[in-house]
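Inspection log for the structure reproduced underneath, given as structure tokens.
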């Protein structure tokens, strides 16, 4: 029974959900934190672009190029609205969350981080929000500090106070953290963290790869200075990421990818860069997929992000409860569904997550196993890997039941 | 009459060529140097990916993820073969040519360019092959040197000898140049240039954005150390570029975009990077479009790159001849069609290229007007802009005739 | 259709631009270029008691950008400097009789307005740096 | 089907790995991890007159990687070190009875072979650095 959104109707929009696997089983797709499936609207809007008005944007004056430019820039405006940014030029298109964070580390970081400075992350960060900062610090003689997560998957805000308090001496230059952990599932109090940071004039980057697809985002309300997320995790195509930067900061930032489209004038000895945001989009953009992303945003807007969240909350409660019922199982992250996004990571005693995923595949069930690009957290949890089931708008309780049956079967095979 | 490839049959594979514009005119697409159109095969392979096996690659063990990983890696192997590289791990996927060149400038450049060094480019380079080097030199206290082009659009190889001869003292660290000019149309003797450079142990980057789509490429034969090109200029989707790097050099290069997928192990204080080529592909790749690119390569292979070149040669001869016949027209670049790729840039006295393009649009004709991201060359030619008609496998002589009619009409409007 | 765009008035202003050139010792000198096509416009202004006493433009580019600049100088000449604030993009497009340009060509038509607004902002901010907050968004045309 | 994969032999080697542990003062010690899943394998070897006198592996990971490592140690124990050169990925997959693994799981099955080949290369190159050219491609498994 789906009160909030009509899952069965939604499922009809996703052709892959009818896919029959090798052995005739229907796909039960529970790896949405890695990437989500795409509705027909998104797929069709990409095809339509190529069939009707494919052309290089911004510079040409013929009709199809003007159509393409308009659709591309409309998407920027649509995203501005979706995250409630003030200006469309605060929206930069990248390839993915990873590139968005790298853009900040290279462009903002290399100009602002000096020897002896600190960058604050958390222990649960995705590698994409660790390695760029680690490398920056390595090159600059600065240091990365990690906020600890406790046994239940929460941050202690007092730690943050401590870290950036008087004795920090203004050494901390940026805080970069994920609004939702892709392993623990915890939703962190971004707004409070940003408030604490801003009291010390420290800018905050939110990795929104897991949060933006699953709940309402409002950059003016949270006050974040940077926000990074990926289209492919929210019904959109692969190859498109977004970086939001508050205009006051963006105006000060040096361009990153240099070349065509991001310049105003190039001379032998010097270059005058283009206006915002084009200055940050060098080369021919991923036009088709940016336009495809537009259709994804429309789809989500039509459902309503509050309904997305409500549906996931209901499903996550059910998923948590069913997994809890398994024999010798360890669940990571908050006990309460309401503190979580739509995913649950777990381990079954004596069965490696990798073997677990292989057995589940026989049931058509697609879940993720491994370190989830969060090895620092894995070290903290003292595990090598975990299994993770993650949900989205088209998942049903029946699918969760199939997952549980499959897990029980794995238990039987391993006879533990 | 098309002897070499059946253009009329080919045209049926490109749905956009049936597009009717606002006023009912059929599209005459002559802006192929900016981006080419896509055959149904490419469009369909992207849709099929999303409808049948969309999933995040490399890390998951379920069936659709294995299918996606296989298709993605097959594309890498297909490209290896297409440019005759030795190893698939020499092929790195980027967003476009611009990002490919930036990757080299950031990763190879920042480690190898020191104060007082020189980087050699040419006057006809695209901004994407100027700005990254200019910025690198600015930051490192090095200098960019430009090889001059002569009035007919050729390089003088003696200048190169001079530049990197004894008195250069080994200061030149890299030569980066386009194998085909996107304005002059000239095809440059890459192999000879590389030979001269290698005698002084100077590595060479070829910007293949214009050459790879239009003629046979063999990196072992030319001996280039780096090769950059874009899928979208050779029937493939937007959002995919390629960087080839000779393995011996690639092994020494530091990763550029840092994050998920490009690491082996991440710890709080350090990171162990992944094997080649994954080390250079941070974050979720543009999976769908890489797979789409595969279909484009298949298409080109089926036609045969030698036939592509032959067809363009025939068409370019015709285009040159017809434009030459116009009143008060200036044509840039080589007089002989055989020294050219499939494009012709020109100016009509008294008519700005921008106005020209607007008038052509009434005839359904899409050509490019402007500086073509080559302002250094524009300064040399002492013009602000030019018009450019550029061809590909689906263009016909009839289309060139429509272009000429439209240009004559522009002449009448401007009454010059 | 291009016949609607390249009417006699545009071609006349293109071939015989009004107020073309430089002013010696201008009170405002400002220029910008259109990254799309490389069109350049520079504008010189002579201001007395906040009235535009003289205005000249220089530049190179397409018929639309040059004719539009020529017409714009006629439009503001001898007007109070503050009128520039109130000129909208639609005003310019109507004045030159081009209300259905595509997004690319619109930038050509509005380049001179953009430069003029920038010049005004610079003039006031130079005089009173604290006005930057208020002026910041005044140079927006698109 | 997973029933074909998780047969008794695999599960037995997984639960009761042969040659698990460390060698004190080994002639070769080498390790690597699978970036896919974080599986780790380290291998110690004792070599006398180019014969593998003792071999032990250590590590953590899935049933396939651990069972495969266990079986591989049995396969090469007391063999000449150079036999490692000739072991192909198909040899390993046949030995463990898993010839139709998907590409992701194949990496688990072959991690120990990769480590073993790396170890052999390192051993020879340490002894004779000039052999690196010849050895370079010997550690390739995939």
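Labels A, B, C and D are assigned to the chains in the order they are written; within every chain, residues are numbered from 1.
Just so we're on the same page, a residue touches a chain if its C-beta (ideal position, glycine included) is under 8 Å from a C-beta of that chain, and two chains touch if they have at least 3 such contacts.
On a predicted model such as this, the values are computed, not experimentally measured, just so you know.
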Report back the single chain whose CA centre is most distant from the CA centre of subunit B. D
Could you please state the distance in Å, as a whole number, between where the Cα atoms of subunit A are centred and where those of subunit B are centred? 31
Euclidean distance of C-alpha centroids - subunit A vs subunit C, Å: 44
Give, as an integer number of Å, the spacing between the C-alpha centres of subunit C and subunit B. 37
For subunit D, what residues touch not just one other chain but two or more? 36-38, 105
Can you list every residue of subunit B that touches 2 or more other chains, as numbers and ranges? 59-61, 63, 65, 263, 265, 354, 358, 361, 369-370, 375
Considering only which chains touch which, label the overall pattern as line, ring, star, complete or other. other
Pairwise, the chains that touch are A-B, A-C, A-D, B-C, B-D
The subunit B residues in contact with subunit A across the complex are 15-16, 19, 21-22, 27, 31, 34-35, 37-38, 42-43, 46-47, 50-56, 59-65, 95-99, 101-102, 105-106, 126-132, 134-135, 144, 146, 230, 232, 237-241, 257-263, 265-271, 282-289, 354, 357-358, 360-361, 365-370, 373, 375-376, 379
Which stretch or stretches of subunit D touch subunit A in the complex? 1-3, 5-6, 11, 36-40, 60-64, 105, 108
The answer for subunit C against subunit A in the complex is residues 33, 35-38, 102-105
Within the complex, which stretch of subunit B touches subunit D? 58-61, 63, 65-66, 69-70, 73, 263-265, 274-275, 278
Touching subunit C in the complex: which residues of subunit B? 23, 352-355, 358-359, 361-362, 369-371, 375, 378, 384-385, 413-415
